[in-house]
Amino acid sequence: MKKINVNDTTLFLSFAAVILLMPIWLSPFGAAYPDLLQKFAIYGIFAIGFNILFGLTGYLSFGHAAFLGVGSYAAVWSFKLFTMNVLPAVAFGIFFAGLLALAIGFLSLRRSGIYFSILTLAFAQMSYNLAYSVLTPITNGETGLQLTSNDPRWIDAMYKTPEAGLPSTELFGLTMNGYPGFYFCAVILIICFYISLRIFRSPFGLTLRGIKTNQKRMKYTGFNTRPYMLAAFVISGMYAGLAGSLLAITDPLAGAERMQWTASGEVVLMTILGGVGTLVGPMLGAGLIKYFENIFSSFNSGTLHEVFSFLPDGLEVVVVKVTGLFVGSGWHLTLGLLFMIVVIFLPGGIVEGVQKLARLFRPKTDDDPQAPAPQKQAAE
Amino acid sequence: MTMNNLVLTLNDVQKSFGGLRALADVNLQVEEGKTLAIIGPNGAGKSTLLNVCVGLLKPDSGTVMFDGQELTGKQPHEIAQLGVARVFQTPEIFTDLSLIDNVMLPALSKRDGSFKFNPHLHMRKQTEVRDEAEHILADVGLKEQLDMEAGSLSRGDKRRLELAMCLILHPRLLLLDEPTAGMSRHDTNQTIDLLKKIKQSGMTKVIIEHDMHVVFSLADKVSVLARGKIIADGTPDEVREDPLVKEAYLGGAHQ
Amino acid sequence: MDAILIQILNGVDKGAAYALIALGLTLVFGTLGIVNFAHGALFMLGAFCSVTFNKLLTLSVKVKDEGVTLFEAFKEEPYLKIWFGDTGLAIIDYSVPLSILMAIPVMILVGYVMERGLIQHFYKRAHADQILVTFGLAIVLQEIVKATFGANPIPQPPPEIVAGSANVGLWLGLGESVVYPWWRLIYLVFSGAVIFAVFAFLQFTTYGMVVRAGMRDRETVGLLGINIEKRFTIVFALAAVVAGVAGVMYTPILPPDFHMGMDFLVLSFVVVVVGGMGSLGGAVAAGFLLGIVQSFASMNEVKEIFPGIDQIIIYLVAVAILLVRPRGLLGRTGVMED
């Protein structure tokens, strides 16, 4: 494995530093406010977990949003029933998402290739439809699950007198919004990254990569591939559940739209944009997409007119009209285009792109801190 | 000659695809430590025979016994764990992984069994596995390219890599499907030498081969398969003189 | 008996739409080997061809309203009425079926551009990449439609003469309780005709023969020296047209909105899987079957026993099929069974 191992500690430490210092180095980009930083961290966890499945095994799940949603619901229920402390909420989120992943994975992994993708998609749509209809007592349907003033909160009720208004989430007294909320998410993200790093470097991780490259050979080598796949699927489902519970912690409500398949598509995009199968790629992709979503959505025709006010009048109107398609509520159009552009021109994602560039400038290097970006090959 | 343990026994194995009979009442016995070569014209059912042995195909009737255990109905990975390894006709390797990873994977399977959840371990610390993998890669002559991606190897090197991947499993029975196809004469001879060396270690082998040079250098016994039936078996010299065999080969050429 | 017939009738028109979309989906998969997540968007584009056509027909100008004499009043009057009088109004009334005339060339063009511009570069790439790029394209197409036509559904009335319901029950001697909107009946006949046309094209033309051979064994057909690529383009355009006209004719049943493509796509994929990947007959059979199954699952009697079953029944069927009979109802053995 070349010199990679020497660099793993450095990689981990620099990752941790970059994440923890985000409030500082992101401020010139206008992104250093807690709400957005929390999103970076949460979706980073989601994408890192997704990458453990898609990046290592090559199995493309189109249903991971279901686990995100379940994590959110479980966390909000923990707030409603037990306590506003975030730790049980996180634990419940991970647990129930893992349970659902176990069930869905057990069935879906009986097939591979596009059948696997369609099965996961079908299960996620099923969860979504159920959350909107019969499961309304649990999910509160279209309104979404929220805290109310007459929630029991049994544990909190035992030693605290409820204050007026809705309580906020807390970690042993520390309120989980604003920067404390971000740092809580960031610490969890760093732990998640460490776990992912260890999985990548473990025999288990190597086995998963073997399955991605040649499942047939794995079987004739004596590996029972299905439990390995299931373990990877459940782990990535738990990551998604964790991300979902964190979403509920930073903003205690959960809605079914979180489980929609476009949400599953978004995490796929994050992963491939950054670089499938690389360690930092998914985090990079998640950060970029949430950053641009934030910027692009905030534009409206007023701000566009300001931006392009230097242009001559006639031209300005046209430019504003065209760019207006891509910003504000048109952000999804940009997202779709980005999706296509990445898949067409940069299937290895940004990390591979950077590596290619680096190789251009330094023709003879073999100390890239990244695992070699996997090459695409026909899945069947 | 003393009668050794029978490692592989096929009893009346039959397999049809649609109306086509690929294997008809095939009986085979391979003794411990011996090398059996299966020859025959194209479409005789040779690959089907190996596929039945490793669990890729289920025979319609008959049994495949390995070392006293029945293989029919077992999963491929179970059969592999019992000690049956296979070299395929087109090399089945991990093209995206480095050579050393390619060989370490089977070593892990040998050490840990068919499933072990071990994300807490670090590959760097699996020194025994790595040492053995390096050793075996040196044996097949690929020592210099440990960190190269396996997909960029030449076809002949890919076959040698696959052989190394099977050898590190220390199988009791090694099945080889045309192990030298696509190799230069020089590489073929190297492979023959390597296989001879393995033979001294007592590994039992079944080889499918077209190259008679390979067959006669390695085989203790030869079985001739034509249209799903074994039409002759015996020592290489006996088979060479068998009139039925000559006819089958000529007939095969005309098909 | 009546109740069963009603449920079947309620199911078949949706089933017909599933079948038409799935037909193109499976055709493209079978011949081109492409998993097209943007196929639902083609259905949606077809529906919006109808909307556009209707808008074109009803282009209006402000004229003085002669009916109001007390003061000067103006009203919108379509050019067609001004130019052709009642004939013009009749044309507007028939805008949905007439818009097929516009949809066919538009969809051919869309299919051609899509295949030449994007899909052809993905023949040799992994299915995962195909899924991702067409997924992106689907988002782009639906967002463009959203930006152009807005987010709200736009109702399209069927022609006046078929606005009511047919008394199907009386025809079959079942009493008056079974009624069925005329337009849905027309949609059924129409989709039957389209399906028949597609099968006839594949069965009786040399073109179709090559396509069918290509579905069986692409490489060999390529080796025969037949220009497969060109035929691929035509197959893709054909699939686009089928999805497009299915969308046009569906507009009176379901007012089109920008996300209808995605909604139908997921279900159509399920239909293809149930029918058997690459099996045309399977797609049609499974389309109608699932439409009817869904309709039965939404009966109150059924919902009382299994709450929410109507929401998930199609997926349940698909999951069961994939696990028990992976090649689907009519799929060939060995095709993508893994």
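Observations on the model:
The chains carry the letters A, B and C, assigned in the order they are written, with residues numbered from 1 in each.
Everything below uses one rule, namely that a contact is a pair of C-beta atoms (placed from the backbone, for glycine too) under 8 Å apart; a residue touches a chain by one contact, two chains touch by 3 or more.
Since we're looking at a predicted model, the values are computed, not measured.
Under the touch definition stated at the top, subunit A and subunit C share no contacting partner at all. Relative to the centroid of every protein C-alpha atom shown, the closest chain centre, again from C-alpha atoms, is found for A.
Farthest from subunit B in terms of Cα centroid separation is C.
Centroid to centroid, with C-alpha atoms defining each point, subunit A and subunit C lie 34 Å apart. Subunit A and subunit B have Cα centroids lying 45 Å from one another.
Taking each chain's centre as the mean of its C-alpha atoms, subunit B lies 52 Å from subunit C.
Counting partner chains per residue, subunit A has residues 377 touching two or more of them. Considering their complex, residues 35, 118, 121, 124-129, 131-133, 135-140, 143-144, 147, 262, 266, 269-270, 273, 307-308, 311-312, 315-316, 318-319, 322-323, 326, 336, 338 of subunit C touch subunit A. Looking at the complex, you find that subunit A touches subunit C at residues 58, 60, 62, 107, 110-115, 117-119, 121-123, 125-126, 129-130, 132-135, 261-262, 265, 268-269, 272, 325, 330, 332-333, 335-340, 343-344, 347, 376-380. Within the complex, the subunit A residues that touch subunit B are 1-2, 5, 195, 198-199, 201-207, 209-210, 212-214, 216-225, 227-228, 231, 366, 372, 374-375, 377.
Taken together, the subunit B residues at the contact with subunit A in this complex read 54, 75-77, 80-81, 85-86, 88, 92-98, 100-101, 104-106, 108-110, 112-124, 126, 147, 149, 151, 165, 169.
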